[in-house]
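Order of writing sets the chain letters: A, B, C and D. Residues in each chain are counted from 1.
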Amino acid sequence: MSFTTGSSLKFSIFGSSHGNGIGGSLEGFPAGFRLDKERIKLWADRRKPGSSVYTSQRKEDDTIRIVSGFTGDYTDGSPITIFIENKDSISKHYDYLRDNPRPGHGDITLFYKYGKYRNYQGGGFLSGRMTAPLVALGSIALDLLKEKFGIEIISWIDNMGGLYFGEKIPEGSEEPYKFETRCENPESERLSKDILKEVLSRGDSVGAGIRTVVRDVPKGLGEPFFDSVESSLSKMLFSIPGLKGVEFGSGFRFQGMRGSEANDLFYIDGGIIKTRTNNNGGVLGGITNGMPLDFRVVMKPTSSIHIEQKTVNIEKMEESTLKVTGRHDPCIAIRSVPVVQCSTAITLLDLMIQAQKVGRVLKN
Amino acid sequence: MSFTTGSSLKFSIFGSSHGNGIGGSLEGFPAGFRLDKERIKLWADRRKPGSSVYTSQRKEDDTIRIVSGFTGDYTDGSPITIFIENKDSISKHYDYLRDNPRPGHGDITLFYKYGKYRNYQGGGFLSGRMTAPLVALGSIALDLLKEKFGIEIISWIDNMGGLYFGEKIPEGSEEPYKFETRCENPESERLSKDILKEVLSRGDSVGAGIRTVVRDVPKGLGEPFFDSVESSLSKMLFSIPGLKGVEFGSGFRFQGMRGSEANDLFYIDGGIIKTRTNNNGGVLGGITNGMPLDFRVVMKPTSSIHIEQKTVNIEKMEESTLKVTGRHDPCIAIRSVPVVQCSTAITLLDLMIQAQKVGRVLKN
Amino acid sequence: MSFTTGSSLKFSIFGSSHGNGIGGSLEGFPAGFRLDKERIKLWADRRKPGSSVYTSQRKEDDTIRIVSGFTGDYTDGSPITIFIENKDSISKHYDYLRDNPRPGHGDITLFYKYGKYRNYQGGGFLSGRMTAPLVALGSIALDLLKEKFGIEIISWIDNMGGLYFGEKIPEGSEEPYKFETRCENPESERLSKDILKEVLSRGDSVGAGIRTVVRDVPKGLGEPFFDSVESSLSKMLFSIPGLKGVEFGSGFRFQGMRGSEANDLFYIDGGIIKTRTNNNGGVLGGITNGMPLDFRVVMKPTSSIHIEQKTVNIEKMEESTLKVTGRHDPCIAIRSVPVVQCSTAITLLDLMIQAQKVGRVLKN
Amino acid sequence: MSFTTGSSLKFSIFGSSHGNGIGGSLEGFPAGFRLDKERIKLWADRRKPGSSVYTSQRKEDDTIRIVSGFTGDYTDGSPITIFIENKDSISKHYDYLRDNPRPGHGDITLFYKYGKYRNYQGGGFLSGRMTAPLVALGSIALDLLKEKFGIEIISWIDNMGGLYFGEKIPEGSEEPYKFETRCENPESERLSKDILKEVLSRGDSVGAGIRTVVRDVPKGLGEPFFDSVESSLSKMLFSIPGLKGVEFGSGFRFQGMRGSEANDLFYIDGGIIKTRTNNNGGVLGGITNGMPLDFRVVMKPTSSIHIEQKTVNIEKMEESTLKVTGRHDPCIAIRSVPVVQCSTAITLLDLMIQAQKVGRVLKN
């Protein structure tokens, strides 16, 4: 099924970018976790457009309504469902786009799949806006993992426009949010802004890489084979619009490595088994080995650009052109950082429940 | 669930590398497809060790027993189940390995997950041998897609040891099997063999990249969001032991691209909508757009090498060393080529059934 | 997972009887079906309390908000999600009930499962009110089956208070709604009302049996074994609060039958294979045989009665008493008739999609 | 999916009655449970035909081969897979049956679903023989529940041929196996044998009811709504060939009850909350309340009888007759008793794992 994912913790979304609204549900979340509406809003704002000149200026004055899942201030074991009203959904804007699919978007594939009945406005239910409920609900999972188990999920941009910013890992999960470009240090921020300015001036966009490191992830997470850590995470991550690659640990660099350098050798440090290197990104045989979970994803450049592009009119079956107007993101990866983080949180919490490391009712 | 995957077509495996045997089941396969035992054997042989000096010389004189799923010579709609007996499973060999986990393998994570009850022999149920049923059963899906729908899945090694062999796509799915190193042309074969010889001489191993291109894949495959083509394929692919990265189309190269070059522009060719480039690898919004499906995976170097490595004795909790004996693969990617191909076939057939492009009973 | 069910068509619910509201989602519904809000309201009203003196007088002035799933007036392939606001949820009323569980209700088992974090107000998320989204969304499935495939699902009360009203099947699905007691004829209505009056006068309630007959159900529906028609339907039906038994065809009467009378003998009628009797209720080997689908369910008497009952105070762990106030249903089965009908519609539509008898996009 | 069921513990079957063999897999079974092959054989024998004059005399000299799931003598967390070879599968016998479907069997519905590709021999994959792996694997779940948690599942025949043998519950799960007719006492045995003899003498068969009581089932089992105890159990139970009804607690007798007698009143007994009656069969709101789980199922009379019956020739589309030869069960319910018991065990163990009352690795 397409709009639901997960095993012991299920996440589902509904709605579309230009209908009544969008929402999502998190089913299987443990009872007894205190609701912090401010934290949810904080995370939602991090994904929202308009937070800086380097993200889309589209106004999304979203109010997140928590419909269910709580009794008093605590989760009660029932699905946590949220709903976000769509405020200004001007569909007129999308009449031309209906017949002339935007390159790089799913407009044309929705047409192939659903024909004249497709939800064609603004990407319909394939819109990036669909990640809003993912962040809102995922942030609750993020907080639970941090508060109750000390698991910290850190995501940041380590490559923009092909420029690699190095191996350094931010000190904590809040660090990258000190920078408008969600990177690790002021120098990377400065370089990123230069790229973004240049791209903005041309009406163009740029791709980027997001790395994620999870600290203090428990050993033994992940089910052998088809629900391995890598399989579970990649299934979730590849659902993020614009994400086109996932690699764990040394990832594609393994192509140029020998076994003798790729194997992470074991040693004992203070009674704990560790590995000298972490080429495997904390996962062996699909199961966590106690080293930090470490993976990277690539976000393609925002498909909506302010440059005239060639497309086809699918009604008349003739070639046409299209120029997307309105303000868009020069680099969608910036707003995808919290999306990756929250997707990771949901997946890890699911694996934690499957491995019975999180109970159905939390202990206090 | 860990040993089962898929939606309308479910694939499951059972057994372990050193127990009675291994097997698998393919549930939901359409009725009315003619069984070709020779083809199954052909594909199984392509994955089997010992086929050349460049793969492990371990003898696996496997006889694949088809237990169910057929009435007469045709599939009958019930699960196709196969069983492969383990012939020489000498468990004595694994006594030292029980306490001293092999670097790069899942030995230690099985210990973390199952403690003293773990299946510790030769990787247990995390062994690469578990891909044997995947190839045997996947080859039936491969043949169905080819015979009934003209869909051709081509996989080959395009990078070995960091050496990239170029963009050229083999003419057909059989091409790469003309080369012992499963590459695209004689020159790549020669270069690969040089690398493999050097690696073999040191008792070492090497990583590689496998590219897959699917020709004539129908438009409109893939379910929006969580069962997208990318999500479905990556979940399956990351289950292959040693696979550490998946990228679609331009993949990680998107990091260095602008939207204006990344967007695949539409045009009309003979009444068919095509794109000038295929940076998106045939997938937009998670759904196929009619262009060839195009993705790459990375296989890490074989973890078993003939060089002494540092490990720890998990019983005594002290550091130790380990040298894997016996003959192993210098580059596991070679034998993984048919595994990637057959995994792709199973996933695509699943998506085809979900999209109702394949019936529950085949038409003749 | 507990709040989601179904295979190719998934139904999920969220919310609780005394929180912000309740809602539900229907995922996998085919694109291209025209939305008829009046029909949805009609069906919702049939389940709603207060429609006659024989149902609870609780006011539920429900407005059903359709949040998503439609583009224009037609379904677009995305999840159809609805939301119903809770209007007068006075939680004060439930303070005594918090500590003194109502006999026959799930109050005590929610306590066992979720402890102090349970959703304790008015049955929480186990409340009968949770069937409101099931009816609203199920009615769309009901209409699709009728309009596009001529499948008619007829449910009615054939036994109240132990009084059996006979074998006669209503002419059409609308027939039973001509009677306040959802039965088949005026005489049954008169007898039912007598029972209900007597029961109401004592503050008591009464059980009943609901029979369902599905006309023109296609042959070959149902998957062998675990997703058989019987397994699929019973899983859904037993989710209806208060439903305690399901039997197909002759059901428990098979106990007293011989094979020679139980077997439905085949004959040919106008080129169609039929059976002389329909003891198997239209299902053989878990798959429909073309005869009407025929099953019965039993609804226990409403648990809330206006008679003082013995219970325990779970905080003080001492015996106590409880008298439920407010107006309740003398026979919950009356309002369950459309619930059974709509549950059947959702399950059958799911099986239709699985068997590829309904496409992902409807033909016109 | 049709041949797999369950959530945290998955059970699947493969094979058919007249192919190479049949088998099954139990995935998600906890690691660390000692294998007792004698116990598995004991339970398999209880289901096997030929155990007495009152069951079919067909020889099934089954050897159950445990293919995987164990390391040494203990379960290791991988799927427990078994295989049972078919010994004498004479398919010639089934040529007539191919064209002339047996009344009461799934022969005709397999034809409707799979056409000429159907598995037509002896019921194909709808055969009652498919319950053999269910019993073999379910018996391991049965033993785990008993040994580790003291949960005792007792099933017995309480009604044969319409003759009800009363409310009395056998002392333990072994009791009914002291009687050839799987009933509760010598008097019921005597009466049953009289019925069976009469039925056998006519070549006919008879229906029966099986009651199951589970003692010491933990409180709080079952997920709200769609994975309730009733939904989960009924989905599994209705997969048993010939089973046509399931009722919990007072079941269909609720039709004739008032709320004031149906509600189970709470009281405290030695610090434990109990109910005076158990009309709800130990389940409230879909969740166990600590009282014994109590349900009944009905098995229709064996469809294969030695009396000439009317059927149709589906090739020639003309009416025909059929007389089943060979020895068959006069009352299939007798051999279904262990099937019901083992199905219950698998379902309860699944719910136990979901509720985290059973770990992924057993404690000793």
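Note that a residue touches a chain if its C-beta (ideal position, glycine included) is under 8 Å from a C-beta of that chain, and two chains touch if they have at least 3 such contacts.
For each chain, UniProt lists the protein as follows: A, B, C, D = Chorismate synthase.
Just so it is clear, the model here is predicted, and its values are computed rather than measured.
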item	value
Selected interface, C-D versus B-D, where C-beta contact pairs are more numerous	C-D
Identity of the chain that, by mean CA position, is farthest from chain D	A
Chain centre separation (chain C, chain D; CA means) in Å	27
CA centroid of chain B to CA centroid of chain C, Å	46
For chain B paired with chain D, centre-to-centre distance based on mean C-alpha positions, whole Å	39
Multi-partner residues of chain D (each touching 2 or more other chains)	1-4, 8, 13, 77-78, 113, 125, 224, 355, 360
Residues on chain B engaged by chain C in the complex (per definition of touch)	8, 77-78, 224, 354-356, 359-360
Chain A-facing residues of chain C, complex	1-4, 8, 10, 12-16, 19-23, 25, 27-28, 31-32, 65-71, 74-79, 81, 83, 113-115, 117-121, 124-125, 360-361
Residue ranges of chain C in contact with chain D within the complex	1-5, 7, 13, 101, 103-110, 112-113, 123, 125-126, 130, 159-162, 199, 202, 204-209, 219-220, 222-228, 230-232, 234-236, 238-239, 241, 243-252, 254-260, 262-268, 271, 273, 275-276, 279-281, 283-290, 298-305, 307, 309-312, 314, 317-319, 355
